[in-house]
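These are the structures, in structure tokens.
Common to both upcoming complexes is chain A, partnered first by chain B, then by chain C.
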Partner chain A sequence: MAAADSPSAALRRHDLCTRGIRLAGKMRADVVDLLDTYVEQQGLDASVSVTAVEGVPAAAVERWDEQTGTQRLLENLAAYRAFRALLAQMLEEQQEQLGEADAALGPALAAVLLQVSAFAYHLEELLRLESRGPPSEEGAGPPPLSHLGLFERKLRGLGVLRELAQWAVRSARDLRQLAKPSLGSSSAPGPAESP
Partner chain B sequence: SSTDSHIQYERVGADVTMKCGSMDWDAAVTWTANGTDIDESHLNGSYLILKKVDLTQSGQYSCYEGSSWHLKYQTYLRVGTPPKEPVLMCRSNNYPKGFYCSWHLPTPTYIPNSFNISVIHGTREMVCERDVFPKNRCHIRYLQLFSTVKYKVTLTVTNALGKNSTSVTFDEFAIVKPDPPESVVAKPVPNNPRRLEVSWQNPSSWPDPESFPLKFFLRYRPLILDQWQHVELSDGTSHTITDAYAGKEYIIQVAAKDNDIGTWSDWSVAVHATPWTEEPKHLTTEAQVTETTSASTSSFMPPPTTKICDKGAVVGSGAVAVCWTAGLVLAAYGVLFI
Partner chain C sequence: QNLKCVTQSLCKMVCTWDVSSKGKHGQTDFCYTTNDILPAVCFKTKEKRVEIPVPESSTMVTITMNSISGTAFATKEFEIHRKDISFVPLTPRILSLTPDFSTSTLTVKWSVNGSVFPYGLDTFWQIEILRKEAMEKVAQVTYYSKPTHEDIILSWNWTSDMPLECTSHYVKIRCYINVTQFAGPKDWSDWSPTEKVPGKDTEPNGSGVFPQDTVVAVGSDVTICCVHEEGEVIQRMTYGSEVYPMIRLSNRSSAIRVLNASASDTSGTNVLCILLPEDMHGTVLFVGYAPDIPQNLSCETSNFLIIKCTWKPGRPSGLYGKRKTKYSLFERTSGKNVSCEVNEMNKDSVCGFPVLADQKIYDFVLGVSNPIGQTESSLLVDLTQRVCPKAPEKLTVSGSSSTSAHLRWFINGSFAGIRLLCQTEISSGHSERKLHNVSMPGGKFTTYTTQLNALHPYTKYQFRVRCSAADHFWKWSDWSRIEEHTTLEA
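== the complex of A and B ==
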């Protein structure tokens, strides 16, 4: 495996970042479309507020500009692994609830799930380049929903998708930070640093 | 209404009664408005009655004791209105650093107003730093990025006659609108009659175009047409127009938007440019030689005197001598410069 700062590793990182940024952009566009479909299919008001949902990684972050490259990758990876499980759960529920009546939502959910999985893999590759390797997946899946009523589950699904849309924007920004040539993967950007 | 010892605020259209300090109702007094005596018809005893006051009646009112002319009471009357609902807008032109909110009143109140702004993000109250008066603007630094929690900004305007307020609620991404691109330059491309090279810079207020790249929208049209051509550019700060009409002057503008979120900026300042055109060929007929002589003495050729002194063009006997003289002078010049 190439050393983290060798020229070939730097090129590979840049390539992975560039492709990752494109993936994140496409993912975001698809999640936004999926949100429209979801709201319509579930009979929800698009402007309804959803409070923080249990088990859904929040994209909101303080001092984002001070994060190191490794922190960014780890937080992103943890988030997309969680979304992978959450979307799989939503897909299963959809199939149970709507079954054959679901012409649009199921396939759209499945397509986004695929992209989320691909992006998670992409992040694992980037972490391997950092000579860190990705952390092993945590055993616990998303919290069970059996105690939630139908309407609460619909709102929860809305919360998941909204947060995923935020993450897709954040991930593109994170990867652009990573792709900056002046920054090493494990060093925090200093205020006086100039490219 | 409220009365300060020196200033009294009243609504437009109100009836105002002013007492002459502690003087009795039946005391003999004289009232003045901005130094001018007020007619007794406005008095009820020693009270001054102003009915349905208007803005022109703002000013200094003084009351003097009848015989001694001692000043017994003085006030400054300010006629105005309570504030209408203010207009509030918030925008981030420096994402991800922060955003600003600015406001104004739809109609003036004619009296001093004070503004109070509050910004709530979830349960957290944020500080909005005010610009120096009279700017109605304040700035907020983002403490969190990528939040789904909405921001709620409430503005309250208060004056001596009343108060009013308004609120706006928005997402972090929705208010992102960069300033227009700067330093737009359009140049012709040599030997290319259908091209124009356009370049511009990111707005200087956008703090980090590397991590938060902008995309651009270019529009251009010849001055003689109303229809714009549009080009969207996902990166780079230059573009070559390749379908310009030869020889026509163009007007060109550029707008910017964050690559992922928010809305387009306003259009930049317009620039004008005309594509390159071939130089007109040198004129070789005699008629044009006289036109070129003033430009270059080395190529000077004395014009044929017969041309200048075309008999058909000259009228009168004296003109012949003039023509002849002119011919001599011009020939002399020609000798000098060969």
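== the complex of A and C ==
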């Protein structure tokens, strides 16, 4: 952010960051629980390795500490918008594959989807505090699953949830970074502050 | 030497012979008699093979070998009797070999040339299925037909015990004709050229586990294969959590055999193929039951708008989502078909069918199907004999007398075509409950009334009403809500 924060904007951003950190923490706990349910319901081995899944944003980032606040927000928002679409796709897939037999996984997926949507909105709020505001939604949504076999779809779902759990951790760190008073969201932290 | 004659059509025959002397020699003079009267037919040939007519009974054959310069150096005479001639049918030809990967079925089609084949003779076709790189024989079947004089195409299906993708399958065919009127020895034709359905293990990007995401019945024996790329090695194949011994099909394909498969979980049983270096393929197998015949199918209407059919679905299929058991209600008279939304988790199942104008008798067929099987249950019902109205609503009691009361209620439904029987239960503090029956013409979404007499003055009564069809009783409706009323003082 070019101009220095007005006291009310800084307070508002700090408040949003704090609430965002709590939401990310809750989301992570729920995603970890969901992972257990998913692995059990899908008959998977919890230790199975899943290669990078197309369309799933990677949480790992190089030179994390050099990112500006705006970059953090934009990357987070892009990720959670992608996860929102991916989880909706998984929910639809669950309904098609299991229908009424799915008493646990579907509701748990839906609950996490709600949190992801809420978190995306939260990020948009933070971006609105900056002059530029959140970017419009674009992109054609997640790649279709039709070419994948059911087992590949199960693995893909596992990959999505694992990555989402990683993102929840990263988001909390990003928001802590943003919450630091000396930082405007668009300036990068000075060397003295890198973690 | 070894003169041998073979016919494929009972008209012409091909005779072949051997020559003992090794040295070079010129053309051969071949003569044969057609009958005792006419002179022999002679011609020269370089081959040790000639085609001549099949004799009525026998023919005299003279073979003269000539030197390069044309001088005869060896002559031999043979008498060929009809019974010495072998009958070997024409080699058949496979017209098409069509795989259906979803059912692992091969369809073989071959043609029978009616003009060539003797008319109306028992003909046997031997079909051989081979598999794997080593072309091992996996099936041989004999198929019978009795060709007429028309050209026909014969067809035969074979279902493999393993997915056709797993490895290449080959088919060849030969035939035998029981030419009863032909005295000579009869033999099988040559095998046809082999036709091939290539497996995925011959395709560059064919790797994967097969069958992909299929459904089988509990108790089935299932062969599941893993096709991988050149250079990869299968470390292990697991079905559910169990490692299975592998059967090698080719250098790029191995299979496991699951015997007597048990019911899978709701999300199916995962089959994994762990490969070195660092790769994995998988599929999901859904193991369930074919649908049971629905029991206790019963249909009734509560309002002459919708017919509600219920039944006991029997054993759950264990299949869910898009593989779940589907129900449809077909009515034969009208030809109308309705698909039913049934929750597999519920014990009882319900389906609604619209009441059709001017139709009293309904001939229902409840169709049931899932990927493993299908069945049905039927019911013929006269709707007027299957009326179970809704509970009467808006019961009101009025009356300005000490010994009578006027009841009024509403029933949601269209009963214009029948008479209704309604029963009022009258109870008051100390006395015994009494029932009062009244029958009346049914109406269309209307209210009904009755008058109760011989009540006690200044007494607090509780009334409730239920109704049913008057002429063909089926069931009582539920009771209405209780309505209280106190008669006036005498």
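One rule holds in what follows: the second predicted complex is superposed on the first by the 186 of 195 C-alpha atoms of A that agree within 3 Å, B and C clash if a C-alpha of one lies under 4 Å from a C-alpha of the other, contacts with A are read in each partner's own complex, and residues count from 1 in each chain.
Methods note: contacts are C-beta pairs under 8 Å (C-beta built on N, C-alpha and C of every residue); 3 or more make two chains touch, one makes a residue touch a chain.
None of these values were measured; they are calculated from a predicted model.
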Combined model on chain A where chain B meets chain C, clash or fit: fit
Touching partner for A:64 - first (chain B), second (chain C), both, neither: first
Partner chain in contact with A:110 - chain B first, chain C second, else both or neither: neither
Touching partner for A:32 - first (chain B), second (chain C), both, neither: neither
Contacts of A:96 with chain B and chain C, given as first, second, both or neither: second
First, second, both or neither for A:118, with chain B first and chain C second: neither
Chain B versus chain C as contact partner of A:151, first or second or both or neither: second
Which superposed partner A:78 touches (first chain B, second chain C, both, neither): neither
C-alpha centroid angle, chain C to chain B via chain A, nearest 10°: 110
Which of chain B and chain C A:10 touches, first, second, both or neither: neither
CA minimum distance (chain B, chain C), superposed complexes, angstrom: 12
Doubly contacted chain A residues - partners chain C and chain B: 49
Sites on chain A touched by chain B in the complex: 25, 28, 49, 58-62, 64-65, 162-163, 166-167, 169-170, 172-173, 176-177, 180, 195
Complex contacts: residues of chain B adjacent to chain A: 96, 143-150, 173, 210-213, 259-261
Contact set on chain C toward chain A in their complex: 208-209, 212-213, 240-241, 265-272, 280-284, 320-322, 324, 343-345
Chain C contact footprint on chain A (complex, rising order): 41-45, 48-49, 95-102, 149-152, 154-155
